[in-house]
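In the two complexes that follow, chain A is the common piece, with chain B as its partner first and chain C second.
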Partner chain A sequence: MNAPLLRVENLRKHFALTKGVLFTRTLGHIKAVDDVSFEIRAGETLGLVGESGCGKTTTSRMILNLEEPTEGRILLEGEPISGLQGEALAVYRAKVQAVFQDPWSSLNPRMKVGRTIAEALIVNRWGDRAKIAARVRELLLQVGLRPEQAEQYPHEFSGGQRQRVALAAALASRPRLIVLDEPVSALDVSIRAQMMNLLKDIQAEDGVAYLLVAHDLATVRHMADYTVVMYLGRIVEQAPTASLFAEVRHPYTKALFSAVLMAEPGRQADEIELRGEVPSPLDPPAACRFHTRCPYAMPQCAEVEPPLREVSRGHAVACHLFE
Partner chain B sequence: MAVVDPSSRASLWRLLWPARVPAGFRRTARVPWIPIVIISAIVAMAVFAPLLAPHSPIDQTLRDKLLPPVWLDGGSPKYLLGTDAFGRDVLSRLIYGARVSLIVALLALIAGGGIGLLVGIVAGYVGGAVDSLLMRLVDAAFTFPAILFALLLAVTMGQGLGTLVIAISLLLWASFARVIRGEVLSLRQRDFVALAKVRGCSAPRIMLTHILPNVLNTFMVLVTLNIGVVIIAEATLSFLGAGIPPPTPTWGLMISEGRGRLTDAWWVALIPGIAITLMVLSVNLFGDWLRDRLDPRLRQL
Partner chain C sequence: MSETVLDVRDLHTHFFLRRGVVKAVDGVSFSLRRGEVLGLVGESGCGKSLTALSLMRLLPKGGARTIKGEVLLDGENILERSPAAMREIRGRRISMVLQDPQTSLNPVFSIGDQLREALLRRHRAPRPQLTQESVEALRRVEIAAPEQRLGQYPHQMSGGMKQRVVGAIAIAGQPAVLIADEPTTALDVTIQLQYLKLLKRLQVETGMAILFITHDFGVVGRMCDRVAVMYAGRIVECGPVRRIFEAPQHPYTRALIASVPKMTGPIGRLTTIEGQPPSLMDLPVGCRFASRCVQAEPRCLEAYPRTVQVGREHTADCWKVVPA
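Up next, the complex of A and B:
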């Protein structure tokens, strides 16, 4: 197996919760991401799933170098990304791009979309004006828009079209990895499939890798080669997508699956309905973080933290049920 | 968008006041014609002052002193709005005075508004210690008695246009900075700013190409809403003797010169007073309309 494109090692992000302006006191730390490790191989899609507040967006922001990790390392093609500056940072920026969830907030309303798409090329002094214009035309065609739409402003586009523009802008510098943070969840169901198919086509053409952050299992199943499930800042289960969907192991993942309406009612034998709220990440439950809501919780779940261990080929679970 | 037939006056009107606008929005959608006409007239007066003024604004004709306006007993068609204690034509002084008021307003808004815009963008975008420092400066500027400071400046630097513009700019910049900063704080949270960073834009580039164009609407609204403030500040300072030195005509100075004769020659002070009222009221109404059109979030200002 070849070396991974992106490697995340023991990543932690703790946000200090402070009080006071001048004489600041630290009240505690929110452990948004706590000891997360995974790999993305070139040209593959990794799905990162979990409910709101589980740390998936924080993880993606650290990979985009928008947040500093508290601990741990992120390596792109074997090179750590912390402390990158100047030219090295510019090279990294060109290799790792992003598309965010909200197409209404991700385009500058005062900028022509052609200029937005060209932005990465302009700041990297990629070529002269004519060369950049040609690349913008090519990108618009690639995402299924018309080249003359480069002269329009974002308010002239629908949500789906805006998301295509955002994708074209992300593709401009020919990145190796694109972080897709809920790329279709703000879109109408009718155009979600179009967008997902467009993303898959582009991956087949360009060989770009995706980090797909989602709370929607259908999207992940359609797109991802490998799936990581997070709960309260920790990975609870990770597996190749086919293997995960064939046999769900962790009770939390089971609960996520139960929350989805299936095509055939009654097919799911063991439904889990979660009760109560997600515990506060300021004071997460000791040992297994899921034991307060887990229907299969055993005494040891509150005492010993279950390590992430492989139960079948490539399929790892952090649960005492599988020891 | 409705198709407008250029030959029809009715459809031209429809363009300015669309029929399908819900009733509640009509008042804000309506173009303030009367203020626009008044502002245009005063601007034209200022620009074409040498062509419009029937007399010199400075030359004294003591023989004709304190003549009332033409419609009163003793008024002369030679001096339509009467003359002051030195026999100078009030109309001509009013016309030239518009010039000074508008030049001061323009320079003070460019200087004070520009500083406020810059401080607001930097404080809002950079944040942290820079933001705290700049905003404490803004707080300090608000606690400063502006008129007193202007008088102090006039004493130390001497009267003149420069002093006046500096004094009024110092009065203006803090309120601009505070509003713009608030706007930038919310813009900074928008995804396109994070994406600009991901694309490789530097902080100055983001402020210039992503933040600045998005606060220009707010800035323009603030400028129009503050024209009135500046004109009144200019008049106040000239009235107090800290503005443009006589005999150059300014509206504030004219009121100051006429105030001692309000009982027998009221027109000397009242006519520039009416001019100030009309101008300030017009720019405020125009500013309100512009705010509703461009940036309704500023409504509480």
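Up next, the complex of A and C:
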């Protein structure tokens, strides 16, 4: 096994919730991410799944160095990323790129898309004008657009094409890792499949790793080699994707799986319907955070925090049922 | 039981813009039976939401007009009713739930005020009675501690809970038809399942018919009895859910179902539909899917196919399908 490209160690992010402007009081802390560790190997895809507020976006923002961890560290190729400045930070940003759900947010409406794609290359003084233009052409072809479309503005593209432009811009600096935050959920079904195929092709060609933040399990199944399931800031289950889909262990993961509506009527498997909603991350339940909604909760679940424990090769679960 | 409650015939709603006419809904026909859930599926821009707004007669400002067709609600063409009469019809006979609950609720009125207002449309009653009925309405949509919720405002509730309140308001007038336009798209998956189960239960209890608009075949499989697939302003295939999933006849439906990533089976390259839908300002004379269809032949480009009966209650607009 090759060394990990990215390591996340005991990552925590707590946001202080404050009141007042002049005399600020801290009312409490939102533990958005609480002790999260995982690895991404070069050329592989890690899927990060969970519902709103589970901390998946905060985790990806820390990896993008847009958010400073409260505790814990992130290492890229063995080097910690905290405190990176100047040249080192620019190098990091070239190596770790992102594509977000809404391509509008990543594209400047007044800039020709060719210029947007070239931006990273210009900033990093990657080469002269002709060399950059050649690279932009190459990138457009790689994402399935025509080179002459470099002269068009974002509004002239469809949603799926805009997402391709955002991907081309992310690929420009030849990153080792791209954070894909819900990259296909804003796209139509038929376009979504095109984008997923494209992402896999690019990975096969360039060996780039992906951190795929998604809520759709079928998308994760098709894209990810390894899957991490989060609930209220904690990892509840992590496993090689094939192993996870073969046998789901954690009751929360089971609930997530049974909430997936299969596009096959009558194929609805044993269903776990969760009562109530996700508790507030400001005041999460003690011990196992899922015990308030768990159909299998036992007395100890409210008292002792279950550690993440390996139940089979590479498959770890944080649940007292598996002790 | 197979009594038709809503019958839509040859509906045309176009946008008349300075640069041309956008034929967003261009010849839509379907019927909805009492107590039935009909899914209306399609990709963005196919006209499914505008069809719903045409039925409610709540067209967006800026040149949209229904120029042709009939919308028969219990046999009465509501397109011919006056705006005042239409206000009486909305909420009481036909009602709607939208994707984003935030846009349906007024942020400056309490939940109780908004529910009482909706209930007042059903009957005039003294305030304490309306309050009591509001509590009941919230209880029906499974909101815990409804008495306390009445005094709260929308921002104090989660997305799933707001969508339940919207549902409670929509069915307060006991409509015969509920139009649900992507009501769970903004919700998390576990909350989506709760909401769909609730909607199904309410539908069974009240016997209302639901027109369920969605782009998600999973939701269709879970909720609907029949499904109509829309493409570029028209319904291209309509049939019982099982038939559409197991033996889709129209090439578009087939490609659409094949392109959805599955939870089981082999993981390979996903099937895609190459190209893009035609411009609604410049629709082809032939089949609208022909330019993207792998089976297209010359006649597909020359004339729009007739609607073919391909099975029991199952129709498809395609030159290549075999009549039952």
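In this section, the second predicted complex is superposed on the first by the 315 of 323 C-alpha atoms of A that agree within 3 Å, B and C clash if a C-alpha of one lies under 4 Å from a C-alpha of the other, contacts with A are read in each partner's own complex, and residues count from 1 in each chain.
One rule holds in what follows: a residue touches a chain if its C-beta (ideal position, glycine included) is under 8 Å from a C-beta of that chain, and two chains touch if they have at least 3 such contacts.
Please read these numbers as outputs of a predicted model, since none were measured by experiment.
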Greater chain A contact set [chain C / chain B]: C
First, second, both or neither for A:Val189, with chain B first and chain C second: second
Partner chain(s) touched by A:Asn197 [first = chain B, second = chain C, both, neither]: second
Which of chain B and chain C A:Asn108 touches, first, second, both or neither: first
Touched partner set for A:Ala98, first chain B, second chain C, both or neither: first
Chain C - residues contacting chain A, complex: 43-44, 144, 158, 160-161, 188-194, 196-197, 215-222, 241-242, 245, 255-257, 259-263, 267, 269-273, 276
Chain A - residues contacting chain B, complex: 64-66, 89-90, 93-94, 96-98, 100-102, 105-111, 116, 119-120, 123-124, 166, 169, 173
For the chain B and chain A complex, residues of the former touching the latter: 190-192, 194-202, 205, 209-210, 213-214
Residue ranges of chain A touching chain C (in the complex, touch as defined): 51-52, 158-159, 188-194, 196-197, 200, 215-219, 221-222, 245, 255-268, 271, 273-274, 276-278
